[in-house]
């Protein structure tokens, strides 16, 4: 196959697919019984405004089309579970998309905002850390300034749990340099 | 002596006395066949015959070139006549092949054909061990020895001719029941036809047109309804249900309960009573699309034509009694029961349309969603006898819909709802209705949302093409939801057109759900009265899907039409015809030949635990009030499954008793022959 | 066994760090109803399913199980006020109770990060479900001090009812638990188009691409605006945040001028049970600051607040 | 060279009789088809015809093992095709319980097995027979035959 053909080749061959890759995706989900009826895309509220087509994502997983992992659409799902409720074959597409995201993070395509949120968790124990203005409100409302969560114990110096979070939890692949990503 | 031996000893003692009285001291004849080189080529038949001579009770052991040939069979017959052989063993081919020839041969000479034991030394020995000749011969010896042990205690099993009552019961008077009743009556068999509703004809009378030829159903059902109504041999009972069924194949005692019609038979069906009756309730027959009075006739051409009073909704104002010109109305009628004997039963109880309220996103039946109807309701609107005189109107405001959307696979092919099957019928009648609606209102856009259009069979593809030509729009996608805009009240069907991958929101003035076919509502109690097994989807289970699709799990009970599974009308009629033919066979012949290979119960050992009844699939074991089991010999299929569950080995299948099997097992396991 | 009438109060992130008023009113309501509320020392983020489950399902379960272990040590069921926290903790709790293999894996890692051990002795409850079913409209009737008469647009959110096979609270297509409960408070729930759809913030979408989340939210606000409710009632601080910042974003960028106050169920119930308006905390919120609840005092024996 | 030849001699002659109960419908049908197609298998297999494998209870199996059989097996119709509706399921269930019993008694549970086959397929029956012999020989290798009370 000369590389000219390679470039303009519109059709796909078996080698382009790798169904084994998704073999143990959500063993419970019956993704292999999907009849492509489209109930999931029809009930998808985010799909009405965005390019998220749940049915074609499930189709790509069944075929083993690995391009789905680089496809940004899987991050547009708001996990509202409507498709999970309405699928006549009980394929549980929400779980499948979350699992796909796991595969995608291992390959490194994570949005910077999400990476920042993980950062917050690791050093404050919260996805949404507290700020001074809210501390003032808490006092006005008669609550103690810092809620009794991990962050308060970190302030008081004994934050061994947080250190362990840092070490063991949510290992993310390093940020590739810009040009590699494009 | 382990405990088991003692138990077997007592059983033997009992059996020995009964066995020996019947068949004097066993004199066994053993005949080993060469079958040309097939057996003799591997097994040393002479050595086997010699060995057979040494076995106890063997009075004659021969080997011959072709046992199944005339001289071979004659040799067996002579041994019985001259040497008084009373049990025979032939070691040759399989029982299915020549077992019957030798059995018939010894029967001709006066011996009961069950006293013959066929030993297969060809397929089971010589043909499969051609390389180990010596081992094959040893094996053949052991097989013959096992045959001899087995035949030593064989008892007589006579075949009984049980006379059958020449009458048939047909449950359900839809197209299937009518067809079966008519076919049976044509064969001269008196038929009791009972129908739960007050009128006969079932679902078919509700339809507007039938696919694929779009002819009106009246002309295919009215010859049957009229034919059945005044057929001399058919007794029709409407408002009647089965109360009790006893007996088995060939002789059933049936008790039916007839709910009162409260209108005597001299009713001329003039309709005065209905006209003056103040009560109005939705008519079940018309699927709730029109109202009926407390005293009513389901539809103008209803058979029987007499009116019927609905006691639940009647306010007993007596206007109908006073107004009736022939004083036919009589509130004092009581439910009556009738008993009769029949030879066979044909169950044609039909199906129910699936109730889509269970699928909440479609909001079927909720207030504010009156415009979501099912296909049968659309058929009622389209049919000539409808309230809207066959105009399609929106139930909410009575206008002609601008957009009609039909949704397929409602309640079928759906694991969440528990109906995994596809009825194979909804696509056909959805396309038929879509075409009719499009032709009546050309400027209304009709859309069918489908997953797969399934129109197999002759001239259904033309039906599909004609619908496309007329302009019905087909969208491949299963709608997820029907949304109502609270302010404008307009319905929108949310679906993804999976072929062009675009999510759509279709405006819909009228949504028609193609609901699945599910087992009828009264199937549970009916199934338990009939003692028949049901499939996992709830329909009655056929004996064998290919070999015997109309016989139920119990002998003498036949299934006709959709009670066995979803079908369209042409399949139903074919199915009902075959059920009628099979049901008629024993009745026309007048008797049933049944080999009495049935279990015998030793009541001293029986502890009335009832375990045998639980295991008996054809429900041939009945337990009477103080727990004593008895075998209904006609219904028994002689499968022997009651034996191992019996804790005290009280129930034993004749010729397969524990000790008879034990003898054969001992020989085959290499433990040597046992003697008398 | 689990102590009666006591809850381990799981704070989560948005409530303590953005809307402390909800925390105040929930404590007020629960104490008034006779429940004792315990603080969960060292609790962390639940962790938010949208972001953390998308990265690594196992670590998500480990972090969630850690919070569950804290409550197990307190020997009390967990009370949450947020759909996200409830969804995460309830699903992990149920999943680990059923799936032995994952339980071992999670316990192994739990030992690593702090010597916790998941036993599966507690349940996870949501404030809307506790009020709706356990306390019930009949239970709260005689505690009402101020009866309103207002029209509210009720927003259920997604993770409270769905997936129904795992939450097992009520049907997600036509829920009535909140409607029936607030009727007693004199609040009438007004139906609007596509009432049960998502507010657009979940699944990490608000962090991933804010403007997509806003387009979804825009449709939601247009439907709510059509029926002109007095306020928007939600049962999840994340939806609360979305309604607040969303209206502000739409006012600034899409030239609408929404000003509907956004009230959490706890705030509403607390107000009706006599907590004074100042603690309800509307003044700290962006939208509907000057909304006065109205409604008349029920003249019964006046117990001190 | 069929697989049973390569089994070493010493195990080979230890296997004398294997009793196989075959139901009257599909069980013996498949053995018949195997015979007609001349498929060779281990001569120690002895076939007993019964009405249905559901008829075979623990008594028959223990009788066979008592009287010298090295292993017992039942070959019935396949699931859903039993002519008496659930005969093969009953016997499958019984044999599962007996396997458990054997294990508790310390014997290897490979002395009793249940198979299903179709009348038209000879290879299934021969495959079952080879499977019986193979399991038996592994069991004998580990714990010796049932006769010497392993």
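Labels for the chains are A, B, C and D, by order of writing; each one numbers its residues from 1.
The working rule: a residue touches a chain if its C-beta (ideal position, glycine included) is under 8 Å from a C-beta of that chain, and two chains touch if they have at least 3 such contacts.
All figures in this text were calculated on a predicted structure; none of them were measured in a lab.
Q: So if I look at the partners of chain C and the partners of chain D, which chains show up in both lists?
A: Of all the chains present, those in contact with both chain C and chain D are B.
Q: Quick check: more C-beta contact pairs at B-C or at A-B?
A: When A-B is set beside B-C, the one with more contacts is A-B.
Q: Average the CA atoms of each chain to get its centre, and name the chain whose centre is farthest from that of chain D.
A: Relative to chain D, the chain with the farthest C-alpha centre is C.
Q: Rounded to the nearest whole Å, what is the centre-to-centre distance of chain B and chain C, using the mean of the C-alpha atoms as each centre?
A: Distance between chain centres, rounded to whole Å: 55 Å.
Q: In whole angstrom, what separates the CA-based centres of chain A and chain D?
A: 53
Q: Indicate the whole-number Å distance between the mean C-alpha point of chain B and the mean C-alpha point of chain D.
A: Measuring from centre to centre gives 34 Å for this pair.
Q: By residue number and range, which residues of chain C touch two or more other chains?
A: 173, 194
Q: Note the residues in chain B that touch 2 or more other chains, in rising order.
A: 361
Q: Hey, which residues of chain B end up touching chain A in the complex?
A: 361, 409, 413-417, 451-452, 476-481, 494-498, 501, 503
Q: In their shared complex, at which residues does chain B touch chain D?
A: Residues in contact with chain D: 4, 94-96, 120, 122-124, 127-132, 135-136, 139, 142-143, 146, 533, 553, 615, 617-618, 637-641, 643-645, 649, 653, 656, 658, 661-662, 664-666, 668-671.
Q: Would you pull the chain D residues touching chain B in the complex into a rising list?
A: Touch list, chain D to chain B: 16-17, 19, 28, 31-32, 34-36, 38-41, 43, 46-52, 54-60, 62-69, 83-87, 90, 94.
Q: Per the contact definition, I'd like the list of chain B residues that touch chain C in the complex.
A: Residues 360-361, 366, 483, 485-487 of chain B touch chain C in their complex.
Q: Show which residues of chain C lie in contact with chain B when the two form their complex.
A: It is residues 171, 173-174, 191-194, 226-227 of chain C that touch chain B.
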